[in-house]
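Presented below are the structures under discussion, each in the form of structure tokens.
Across the two complexes that follow, subunit A remains constant while its partner is subunit B and subsequently subunit C.
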Partner chain A sequence: MRAYLAIFGARFRALLQYRAAAMAGLVTQVFWGFVRVMIFTAFYASTDAPQPMTLAEVITYIWLTQALLRLLPWQPDTDVEQLIPDGNVAYELMRPLDVYGLWFARAVALRSAPMLLRCLPMLLPAYLWFGMGLPASPAAAVVFLVSVLGAIVLSAAITTLLSVSMLVTISGRGIHVLSISVINLMSGAIVPLSLLPDWSQPVLTLLPFRGLLDTPFRIYLGHLPLDAAAGAIAHQFLWALGLMLLGRMLLQRALRHVVVQGG
Partner chain B sequence: MAQIIVENLRKRFIVAKRRKGMLGALAGVVHREHRVVEALAGVGFTVEAGELVGYIGPNGAGKSTTVKVLSGILVPDEGRCEVQGRVPWLERIEHVAHIGVVFGQRTQLWWDLPVVESFDLLRDIYRVEQKDHARRLEQLVAALDIGGILDTPVRQLSLGQRMRCDVVAALLHGPRLLFLDEPTIGLDAPAKLAVREFIRELNREHGTTVILTTHDMDDIEALCSRVVVIDRGRIFCDGSLDALRARVGVERRLTLELESDASLEIEGARIVEREGPRVVLAFDPERISPAALIARITEQHPVRDLLVENPPIEEIVARLYDDAREETS
Partner chain C sequence: MFEHLRLYTRYFAVSVRSQLQYRASVLMTMIGHLLVTGFEFFGMWALFDRFGQLRGWSLAEVALLYGMANIAFAFAEAAGRGFKIFGKMVRNGDFDRILLRPRGTAFQVGAQHFELVRLGRLLQGLAVLGYAVVELDLIVSAPRVALLGSAIVGGACIFTGLFVVQATVAFWTVESLELFATVTYGGVETAQYPMAIYRDGFRNFFTYVIPLAFVNYVPALAVLDRPESFGPQWLAWMSPLFGVAFLWLCLQGWRVGVRHYRSTGS
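Our next item is the complex of A and B:
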């Protein structure tokens, strides 16, 4: 365990170095946040039909999305993405560690550090000036934090699965393009999932992607009462566990066939 | 006890053939032909504890494939392989905890971190006790003279500095067996000497078994008492360096720069090349020692400069293969 924690710590510290990238990303995310707030304001102004969420809730949801955007598993682990084409993956196999554990520990750092670096400077102005609301209750705030933890674990499990797929495909680009569109839509990063059509709800609820953003956000807004929240968090962790087992199995199988080419 | 036992190791790779041109590429979409490459075609050898073995052969001969199998990252198709009593690919984690590996063309250090943090990470990864770690690190840092660069991020190191740090990294967990894959590639002369000197000490003083693959004949000459030559997946020759030389009958080169263009005739050496005052002689060190030869020349001719060289490993190996083909044909 100490070894995996050390790997996590090293990656986490390395990622915290990228302050300039975080600032630049922050500006972009604020800009997109405003665009999305305006779009939804226009939608709400043009309809009289009752909606599942109020406009104020949607605005809070949008700023939460902008703050936590970087936890989405958009691509394989960038480190592993480099290791595989240039063959340095050989050294990964040279460690007296479970390779899946090694990659997972890194993925947790990758999905948490950049997100943490951006989320406070994003949330503070959002509260003060951009119309973001507070959590529904103190209890909701605590459960929200647990659920964000679940989202990080789930995201790391998906990231590692994408990384493992690179052992077969070598390049991560194809999976990158595919996963961005699927994950953005299914997690709630484009439209809050409650606003999507009723027929899509059972599918969205079954799939793991809801656990990345929508689950924590509905807890924050108080849309999930605490007992339903417990179920939703269990959904996050069960999916994470399932994807970890799947990733580990696929990795073991792939490693039996892996060939590191060149000197 | 034998550290490494390898018997009849085989590994085939299947490579897709590409046909030439646009038509060939289109044909490749429909139907691909495959070619089987025998990287290892029945390799066998034994290495005892404390040996320093040079493992050589031309590019594509199967050197790296062997090292990959021995270090547990490649599963062979056939054959037996035991390293320190373990089958590398079956007990990978236990196995790699007890070996050290340096791939000269790669680094195992963390690119963004200062060197010393990479070392701390390795301590945690290999579960080394803090006090053992501190003691070993101190020795290695002193031996390889990297005290001044411990706080530098790896990406800012020169190749020579990085290589020395990589050697330290491979030894922090105190392995009894070290694989070095081209550890001096791209290094300048002082760095080469430092790495070589260190490897020799490590082997002599600590009895660490070392398997060294290289294209640098001087590495082999300076370090290895035993040389294993591999070609096209087969062990071609396994014995002392002298035995290898004797088998090939390799001549050494002596390059002279004379004071004049005077004609030169030396017993025991033949002229390979002559360009004004510059003369290249070939001689057999078994018959005449370099010192005796130089003495003989300087007696007769004033010499401005001279240089004794070994032919590059490729040349020796090329000679070996020529011999092999003659034997089989």
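Our next item is the complex of A and C:
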């Protein structure tokens, strides 16, 4: 366990070095946030019918999305991704560690460090100037943080699963592009999930992707009472556990067939 | 001119043939791109399903804007791909080789790396545009087709111009800046909705600094016979002019950049 914590720590510290890139990305994230706020404001101005969320809540939801965007498992760990086509993955197998544990520890760092770097500089102006609201209650704020932790673990599990799938497909470009679109839509990054059609809600609730953004955000907004929040967080961790077991199983099967190209 | 066209066709054929070596991968990625934009459109549909309309615009009317913007962007992305990855060309010193060849630099960079997979966005844009035409019962008349065609040409020119600017900056920074995604991808996103819904400063930026409104919103108003008016009637026909003028300006900037180019060496 100590070895994996050390790997996580090293990777985490290394990723925290990319501050200039984070700042540059921040401008882009603010821009997208504003475009989305303007679009939703126009939609809300077009109807009098009551909606599942108020406009103020949607605006808070949008800025939370912009702040936590880097948490989403958009692609496999690029370091692992590069190891596979050129056969350097063989080195990973020689280490006295469990390969899945190694990759998972790095994925946790990959999904937390860049997000944390961008989170505060994004939230501060959002609170001060861009109309973002505070958490529904102090308790909601605490539970929100627990749920973000769940989202990181879930995201790392999906990331590692994507990395493992690279062992099977070698070039994973098609899968990347596909997974980005599925994740963006089903996590709530495009439209807050409560605003999607009612018939889609049972499917969205069952699938793991809701746990990446929508679950923490609904806790933040107070849409999930605290006892229901416990169930939602359990949903996050259970899915994470399931996907970890699946990833580990697929990895073991793939490693049995792995052929390392010499040279 | 004719010779350039011939050369472009050669470049085009070479990159298509090389990509067809990985047929399955190209097909998968193309389907992937198609789905990405498809999911995006689903998001738009869901919002209209819930809110009914957007400041007096129906889904089908917005779909026309969406289709026009995405078709134009797909053309620019396929044709101007070389500019998009230009930072790498500067870093590796590959641009030195281009300078040695007896043809224009912008032409050579632009003609490289035609990307087949981007056709996914094109197909999806065409499908959404087709949906708009059918749903709105638009009579396919010669002026309408001409308006749409010229707007798409103008849009493709503007997006290509933006890729050129993005590449030009690399002469100084040696890297393509992520910041430019706001005007390229951000531009498509912005153009997908009627300009009237945006705040003044933002709208003015995408109208007068980057004349995106003139190749999308303004001609679309004419195609749809919308009650809103934006300037005189003939303005709707001016989109190719705006596009070509913008691209020309960007290429002038490119020439300044080329003069400032200092190789990174080996």
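We take it that the second predicted complex is superposed on the first by the 263 of 263 C-alpha atoms of A that agree within 3 Å, B and C clash if a C-alpha of one lies under 4 Å from a C-alpha of the other, contacts with A are read in each partner's own complex, and residues count from 1 in each chain.
Rule of thumb we're sticking to: contacts are C-beta pairs under 8 Å (C-beta built on N, C-alpha and C of every residue); 3 or more make two chains touch, one makes a residue touch a chain.
Just so it is clear, the model here is predicted, and its values are computed rather than measured.
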Touched partner set for A:32, first subunit B, second subunit C, both or neither: second
Which of subunit B and subunit C A:162 touches, first, second, both or neither: neither
Contact breadth on subunit A, by residue count: subunit C or subunit B: C
Touched partner set for A:177, first subunit B, second subunit C, both or neither: second
First (subunit B), second (subunit C), both or neither touched by A:42: second
Which superposed partner A:143 touches (first subunit B, second subunit C, both, neither): neither
Which of subunit B and subunit C A:7 touches, first, second, both or neither: first
Subunit A - residues contacting subunit B, complex: 2-3, 5-7, 10, 13-14, 17, 86-88, 90-91, 93-98, 256, 258-260, 262-263
Interface residues, subunit C side, partner subunit A - complex: 22, 25, 28-29, 31-33, 35-36, 38-40, 42-43, 46-47, 49-56, 177-179, 181-182, 186, 189-190, 193, 197-199, 202
Subunit C partner contacts - residues on subunit A that touch it in the complex: 21, 24-25, 27-28, 31-32, 34-35, 38-39, 41-47, 49, 51, 171, 173-178, 180-182, 184-185, 190-191, 195-197
Contact set on subunit B toward subunit A in their complex: 13, 64, 68, 71-75, 92-94, 96-97, 101, 103-108, 110, 112-113, 117, 120-121, 124-127, 181-182
